[in-house]
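Two complexes come next, and they have one chain in common, chain A, joined by chain B in the first and chain C in the second.
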Partner chain A sequence: MIRSDLPVLLARPPALVVGRTGEERSFDCRGILRPRTLALLATALVVSMIAAEAQSQGAASRPGILATLWLWTPVVFGGFLFNLLTSVLSMALGTAAGLLLGLALISLVRPVSRSAWYVTQFFRNAPWLVLLFYCMLLLPFEVLLFGQTVSLPAWLKASVGLALPVMANVAEIVRGGVQSIPDTQWQAADSLAFTRLQTIRMIILPQCLKRMTPPWMNLYAILTMATTLISIVGVQEGLTLTRAALVADGRVELFVPMYLMLLMFFFLYCYPIARWTIALERRFNVKA
Partner chain B sequence: MAGFEDFFRWLNDHYGINFSFFYDSFDRDRLLLGIWTTVELSCLCLVLSLAIGVVGAWLQGSRFTLLRRVMQGYIQFFRNTPPLVQLTFFYFAVGGLLPRVADASGQAVPLVSSFGWAALSFSFFAGAFNVEIFRAGIEAVPRTTIEAAESLGYGRLKAYVYIVLPLAFRISLPALNNNLVNLVKTTTLAYAIGVPELLYAAAQIWSEQFNVWEMMNVLLVTYVALVGVLVWGMARCERALRIPGYDT
Partner chain C sequence: MARALGPPLVVATNVEKRFGSLVVLRDVSFTVARGETVCVIGPSGSGKSTLLRCINALVPIDKGSISVEGVEVNDPDLDKLALRKKVGMVFQQYNLFPHRTALQNVMMAPIHVLKQDRAEVEARARKLLAKVRLEGKEGAYPGELSGGQQQRVAIARSLAMNPSLMLFDEVTAALDPETKKEVLVTIRELAAEGMTCILVSHEMSFAREVADHIYFTDHGVIVEHGPPGELLLHPREARTRAFLDQVL
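Right, the complex of A and B next:
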């Protein structure tokens, strides 16, 4: 059993509901939800636009809310794409570092596993935003590499800042995955004269991969949502551009539909990932 | 006490390590206010989100399809959108639509303060997770236990409050633990709308004293300590609530 501590998606045990008398009700929301939630969101957007339209009746000379929203859509969407880019970069960095840290966690050399444990706990328990500030303010803006001055742009530093907590969480996922493999596998490998490194590489990790995928995807969804944090430390992304567009247009009635639009972009990206994760968990039967 | 302050002043003068809040009363008050605000915000959100979780999990077992779907919509929406954008949406978009009211001195102030919006927004965010956590806990309560309660004449609400919830709560504690830790860490986002919490206070200090490095480490240590206190408290709670022989 995997000991994931990501609270986002708990596997559903066979649906058993505190029903009234008798009938069992299943909460398999796969069928119900996908179109419904979308419909709900779209309704919210439309209602907010109609409300905004009604508010702006006084100024007839300006373009309608829908037209204005459409005008700004490419800007907001471009910013959102930058969020996705940051999330991919941070995830790649964090996964690579986390894999190493996770292997250090299960190391047999006591000082190594001990210090890896402290690092993991530290980066998991510090708030993401604080770590982000840490990286933004304390990393230099340029470094001397082989006699060459290489500048570190803000978005790169921000990606590193986001990669740190990802690293710690990936390390935990790796540890949990490795520990979920039965001891007999290790013993069998031992008896076949595999070295420890060979055992991990050829026997343990390939088996963990399946079990680690759902929590890893979960983490990716969390990271994607966390990428908006970089707007606070002054990197331009979706939220910054939305705000800038609102300021540029200067219409109060545009606030609700614009932010809803940004929320919808994120929802449309993250919700399928969440559904897919649950489906994978079911298929691999990780937490049965 | 004076010696204590002098030590940090000396540390600053000789080594340039500036923990200004140890000797400067203005900075100290700011930082303490920040810590207090963070604790207050965390506690408020904790209680509210737990309430949302308990009520929401009950509503999810409701016989009205519409009610269940609304709950599902709420959960999925808040779980799959960034908390920072939610907060911004509430504070700037929804807050902008609400009327202003006169405060004690007759000044027009927003109906809900930035602290209020932060508390509401984070509670909704963490509450959405709590509903799912409690639901999983409720589903893990054996069917036979509920049937036993029904045969003793408990109604749905009574059985929920007296039988199911106490058991479900114990089962969901580990997951709840994680979510509440996340909640405390999420309170840093309130910085974005100017709530004077810990991060905000620290940012104010380092922008005046230029002691970014020191304040950063103070921040990290303080948050780790705050989370540590919470984890310790939850572990005690878990131990106190353990039913001998009922291990899940």
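Right, the complex of A and C next:
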């Protein structure tokens, strides 16, 4: 076997991938979302509902807490799905832009790498909500494209707003990934007369893809949770709709169970991603 | 043996290379004829590896000139890619591309750099792998191969570019004695076929056997050079004698 301090680079024999070692088990769905975790969540929801039920005694004419929650579930879940849509869109935009920005960061042309560095630092260190406000205010509500007026809905502007910090973070992930590949790979590629662009595309990036995946997934989970920020700028997503449902129903005791329901949707989505990220990190031997 | 066959392939004149204030190569001059096998020996840190890297412009030189088949390496307008197509290089740590199979490692450069036909390249790559005795290992990833096998893939990968000159940078230093032999056999065959080779090596017995000419370097200068029988058995310089006493 090659002696390398980069175990990620070693191609694993297929037998190991389907093996039953402790390390591999973490790929199992059971390992990602254990029954214990689910039980904890369910308990929290039930306790909050019992508490709400106790509070609502005396208003017997109204439907029970569980029935009310069930009634609003499609609305809250629909809103949550909108959050997911926003997260996917922002992640896609941010990743595409971040890849380019990351490549600009490692450019040999000094002005290019320098300006990319400034852009990266600016968007990495700016509060997400402030960037979101900027995008909402600075982007027009419609643009003229090929003689056609195309409207830019608020959700699209919000997605762009969230994509900006994602871009900067992806750029850093790309830069870090590229720099983690030993110089000797560049030398080998150089000696075979590959151009720099060919080297990056065919030799360097494919090798750091594995290494970049865990931090990228981590970023995605953070972004998904941050999508609730867009409720502040007036986009109808999960949090907005939950609040609207609470206002429509008008019962204070519903607050805790209702928000807990929304929280659970996010948790059930993000927690497995976090577990999976840890499993991948362990598998690729990447230090967090 | 093969000395003085037509005009020299590599001509280096008064080459100087510094890393900061450290002079790694000082006033180095030599010529390598077409088909000749040259061995560079010397203690660690004597600038041997840097010298090889200067020949294919992986490292720029500060003074003097090196030309390969008439192409001046120190020319600011040098087409590095054109130069590197002529010069193959094999490294101590193999440096195979770990995400590609042995066959793909050999095929990549001819397809993407030389833009040759894929089917043709594949046929040639398979032949080259067979030549370095790796038939059956085409689909193996570098991580699944032994050091010696990886090094032979690396040699095949360089040969696939049809270079006029091969540089070997301590290619057996990371290998155990058995696998070392497989690699040395491959290099010996190449040299016998008339490939021009420059080797940096610690294998004195191999150098004696395969080299047409040996250069001994120390502290960035060529202390002395000559045919193996002469240099290894009757060194003129005290420094060479001291070095040979240690390694032989």
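The definition used in the following text is that the second predicted complex is superposed on the first by the 254 of 288 C-alpha atoms of A that agree within 3 Å, B and C clash if a C-alpha of one lies under 4 Å from a C-alpha of the other, contacts with A are read in each partner's own complex, and residues count from 1 in each chain.
Simple rule for what comes next: a residue touches a chain if its C-beta (ideal position, glycine included) is under 8 Å from a C-beta of that chain, and two chains touch if they have at least 3 such contacts.
Because the structure is a prediction, the values reported are computed rather than measured.
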Per-residue touch tally on chain A - higher for chain B or for chain C: B
First, second, both or neither for A:207, with chain B first and chain C second: second
Which superposed partner A:188 touches (first chain B, second chain C, both, neither): second
First, second, both or neither for A:225, with chain B first and chain C second: first
Which of chain B and chain C A:256 touches, first, second, both or neither: first
Touching partner for A:138 - first (chain B), second (chain C), both, neither: first
Which superposed partner A:270 touches (first chain B, second chain C, both, neither): first
Which of chain B and chain C A:122 touches, first, second, both or neither: first
Those residues of chain A which chain B touches in one complex and chain C touches in the other: 9-13
Residues of chain B defined as touching chain A within the complex: 60-61, 63, 68-69, 72-73, 76-77, 79-86, 88-89, 92-94, 96-97, 129, 132-133, 135-136, 138-141, 143, 146, 150, 156, 159-160, 164, 175, 178-179, 181-182, 184-189, 191-192, 199, 203, 212-213, 216, 219-220, 223-224, 227-228
Contact set on chain A toward chain B in their complex: 5-13, 15-21, 25, 27, 29, 32-33, 36-37, 40-41, 122, 125-131, 133-134, 137-138, 221, 224-229, 231-232, 238-239, 243, 252, 255-256, 258-260, 262-263, 266-267, 270-271, 274
Interface residues, chain A side, partner chain C - complex: 1-3, 9-13, 184-185, 187-188, 190-195, 198, 202-203, 206-207
Touch list for chain C against partner chain A, complex: 56, 58, 80-82, 84-85, 87-89, 91, 93-99, 108-109, 112-113, 141-144, 147, 150, 157-158, 161, 174
